[in-house]
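Structure below; questions to follow.
Read from first to last, the chains carry the letters A, B, C, D, E and F; within each, the first residue is number 1.
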């Protein structure tokens, strides 16, 4: 069992987990605010050893800084609190690992990491394009987060895997950008080549998984990936330089079996292991 | 069964139901956004005749205008949309009956009704004082709604029943204001006398009920009222001039038996009957 | 714990439990078909000794004959199968105790018992009048069962307790019939006097309880009775000659806590004890 | 998001959705009556654009005529009401798209469509053969629906995909009929050739999906298809002349995550798109 | 909101909360192991001010020492670990407040407190007698805990309130012991007189509440108390010298609304306030 | 539908099902005690004919001896009761088929079968190694069961399929033992060769399935098998001499859709068919 809640940040250059229990712009079904706590709970039943990577989490330098206190109903304040926490983390030379919360929580994290690493690239695992200009007139929405990221990072520095839902407009946009790729072996190889030695921010919207594997998310989309596909992706990331990462959109109260939380905790374990290399 | 979803507003001076599916400032457990739909669903299983009041809803002039489209993540816009809908309703000489949504949704409704009826008084049924100045720095929060109402209406024009949770500061405030009263027969008599012939806005936070009767609410508080107490209150309102009303804070997904929604629908029926007189 | 599933009918004049897992005419929410199995399951956690009646179930002659096999989709056949089972029971000089299933299941049982006891009276505990002539054109519906019983038994031989929902037409009917009474001590005394030495069929629609105590029922109605009121009723029945009885409308899948099933099992225990005297 | 509930039937030759909330012959677990409402609810979170078909639902002529009022407990009447609604639809030159409800609801729809198109063929996606002669003596049962269809359509005009449960007798029957086929590319090609230019009624019992993807159905059967297999089937249907279709056996209350309803809504979108061509 | 999880034990004579997540002897439905975590979670939504006692928890010296690590499957070891933790607490002159877990967890706590206070009396709030000699041959069972306590404390030093389920044997025993009393004002007065100035261990099995108020418990019993009755009891304890206390048998996973956990957290608040005086 | 609950053991050499509703050493989430009852319930909706094996369960000699009465809280006694029941079964020349309950229940069953068949081999399907020496100091734990079996059977007589979680220590152990194999066709062929004509005990921990297919288990592990893989395994077992078998670790209350129980019942059917050959 890996119990990341009571570990200390042993060295400044370790990985720091930051809980961001926010779901204030979620339009369909809320509950991502309960994500960080559910991942911590589920980690009690997950081994610290990964037979997939033949690696042991006990050997990784990471720590959990707990949940930020985020005022629902004030999006700007929420984003600035997350931004500040990620800035602090980077100033301590630690790698930020955000536990969402909704996908909008990634925005200030990517902004902060980008400020430190101007040649940053972003890899997004997601079912949804998140490329809307606005959603019901709101620009700071979880449905627009990658649009906002594109605006400061450049669409040429983003790659998107697992997307299977969007408007016609979004699909046209993504095809124009050339951001879409797949989990096929050859595409993963191409992805790693594309990254080359640039620093990577990895954002994992858990609805990239098929709802069969992860029913506990606000906007489930049939046709998603399974554990083995995720595992193949993680292995491809082995030699990539990950400087920031997040796991978002777990809405645990929608899955009374808690299997979604267990899957999320196991993803966190693998991501910690691969980011630590 | 009363099926309020497909009724037309027969006459301009009837009652107009307005769904406000908003829960964006809820700090503990969200889900009040699903309230209006759940009340409509549950009304299918509720008779249109009230044996308590010996009155028939079929004879009442009311209609359901459906749900407002409210952008989560932008509180000010949400409040202005609600305000506009209530203004429209009042301009048509209809009585607004808001279906929440969280309690903050009542704020623009009371503001609008107050503008039309400057001598308005508010009667609040609630478990919580909602008299905080701010909540985590946010002033437009469901935990502060009655504080905001006090500021423009005057605390001397508010009466609160069922309150059983608050900070020491809130209790001192309410005692100073003299807003607290109870459901005892003599107190209800005094309440009606206090109202006299002034117009009344009636706001019912459903957590005034004990969680045994209504577990489907975000912040349940043991020690609440039962159906018969609510019925006694409704009868006391018979000759009162109700010019605006709401039912808020039903979070139906927290009660898998749906009994909370049935109770809420039955409250709506009784409130329609008493407001129609 | 009382384990009524593996008892034998020791003597012909004992009480015979008959499961009738039928809910084919339920209009709102089905699931009463799961009632008999849930009551048996819950009885495992209920003591065989009643401190209320200071009586021990181990001393009672009763047995469970299991569930009838009832073809959903063919109401007439279902009713005739129930009728036959109750006839067999009466021919064996056993007292039938039906476990529903929906309330329509009571109809053939009351018919059979009435044929044996022409001076039968019926006492109905229920939230709903069940006095409709038809429901959406269907006369054999759970919403009409007491109307059908009235037609062959005479409305003067029925008493109804706990009714709190119906159409205006049904209420006028019941007032005309004089069938309505209450759980007040003096009304229970009057009820027992009215029964005198006539044989009684006791039909308990579990929605007579408030949904707080029994959320697991298809059409819950706020304002119902609690355990102590039921207990008072049961004590009043001590010297009454009960010749048939039933418990209907438990829909256990609507109450994930299973407390509704426990309450139902405890009612069954008390009813067995009072019917055995 | 596609919101099919408030669209008008723009042209007479469009597709008309008809809700048939009936589950009166379901033997194991009821709840398919809640299917149509759940599909409508879930459609709020589903995009109107299909990246699989690169097609936009906004361009399709379809409308939702809402739910039929079906009296539980009277199967013949229920079937005749459905029949009448489908007849009306065909008379208006619209294509009927039935939303069940249980699979028996397909019977009157197929009968009506067959009357208009005597050379009709039926393609059935299902986990169960539904080829019983009767079930517990009942011939109009969801377990017998394809037997009834065979009787007037001829078994040579039926093809069945996804079947993985039945009695030995049913399997012998289907092998004799030669109705069984699979989702393999070559079998789908053969299926389309078999159809040729004949009109097709497509009936989709959602339990054709594996319970992992669709746990919300009354009689789940391990070993079913996934989304990609369904997608392959839909693409094969592109040039087929679909003159009637249905989606049945969603029992949404069995899946508290609502992922089953989302999958069903997405199937409806794809079926609308392919039927509209 | 009271957040007892991150408080330090300010002074040695404060109250120390000890989580005992054990349910290994529970025969009917397990899950009490999740009780301590659920109470801590729910405390986030509960105010620190009690309007009933007009007292503020912020002023109380208490701290949470977290959960003991208890090996399921080894009852003796579990009990000795609890014993040791309570001994440590007493040695630090702190008052132990155990959060169960099942009722058997109280046994080592009462033993330890009794060793320190030989003239200890125990007040038990419970639905069940827990006076069995053994349960299926097991003497260390939650169904026997008060029998075990009687053996070393003497039955004359125990009082039991709320008991409403037991065997005939247990009832005879309790009547012989004279341990049974009620929540009536006069009985509470007599109880306080009986205590006099002796030290009290207060053990609250949460199933003393009616299942309507607390469905989340392993063996619910209809006919229990409500919040106001508990409040009356707590007020009666104001001047009593409480030297040890516990809250047991919350099984939160049985109540998906979490209202049971909120009620338990509110009980804990009131018990802390009254024990601190 | 196969209704194994009311069958008699027709011949002494048939298969005898024994329910072992025990989960006393489960550390994470209990509930496996409800497994046997859930499998029996679900079998009502499962056909007795297997189209996969083209075999009919009606032709198999098997019977259900019901559940053992196992005292929670006394592991040694529980194990000895199971041991005795399996010994009785073997003495009657019947094949024991244990329905767990947690995996520790397999220990006495394998011991008993091994005593009768000294050259026994064990095939374990499982997500977890279960090769710990002890768990929190407890040696008789479900996390250690295969370690205990190894000790008397010899690690060379065990093969493990589906393992995907364990400590580094356990993986080193299993690699040293050479017990690990896979579900690939060639590995299944090798497995059957390895068995040769030795008697086999087949133990199926249901968490070998992916949580998508079987969420109802205490310690779900992403990355498991699906139905078709299980089916391939079962076919490989066709000519193997199975002398004892079990299905363990179904925790049905964790899967409110009951699909896990249906899958388990279908596994039981296939295992009965293959063991009967």
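Quick notes
The rule we apply is simple: a residue touches a chain if its C-beta (ideal position, glycine included) is under 8 Å from a C-beta of that chain, and two chains touch if they have at least 3 such contacts.
A quick note: this is a predicted structure, and the numbers were derived from the prediction, not measured.
Because chain B and chain E share one sequence, their contact can be compared position by position; here under half of the interface residue numbers appear on both sides.
Taking the CA centroid of chain D as reference, the farthest chain centroid is that of E.
Separating the centre of chain D from that of chain F, both taken as means of CA atoms, is a distance of 38 Å.
The distance from the centre of chain B to the centre of chain D, each centre being the mean of the chain's C-alpha atoms, comes to 43 Å. Put simply, the C-alpha centre of chain D and that of chain E have 56 angstrom between them. Residue positions 210, 212, 255-256 of chain B each touch two or more of the other chains. Across the complex, chain A meets chain B through its residues 23-27, 30-31, 33, 69, 71-75, 77, 104, 135-138, 140-141, 253.
Those residues of chain B lying in contact with chain C across their complex are 44-49, 51, 56, 210, 212-213, 226-228, 231, 255-259, 262-263, 266.
Across the complex, chain A meets chain D through its residues 28-29, 164-168, 171, 210-212, 215-216, 219-223, 254-256.
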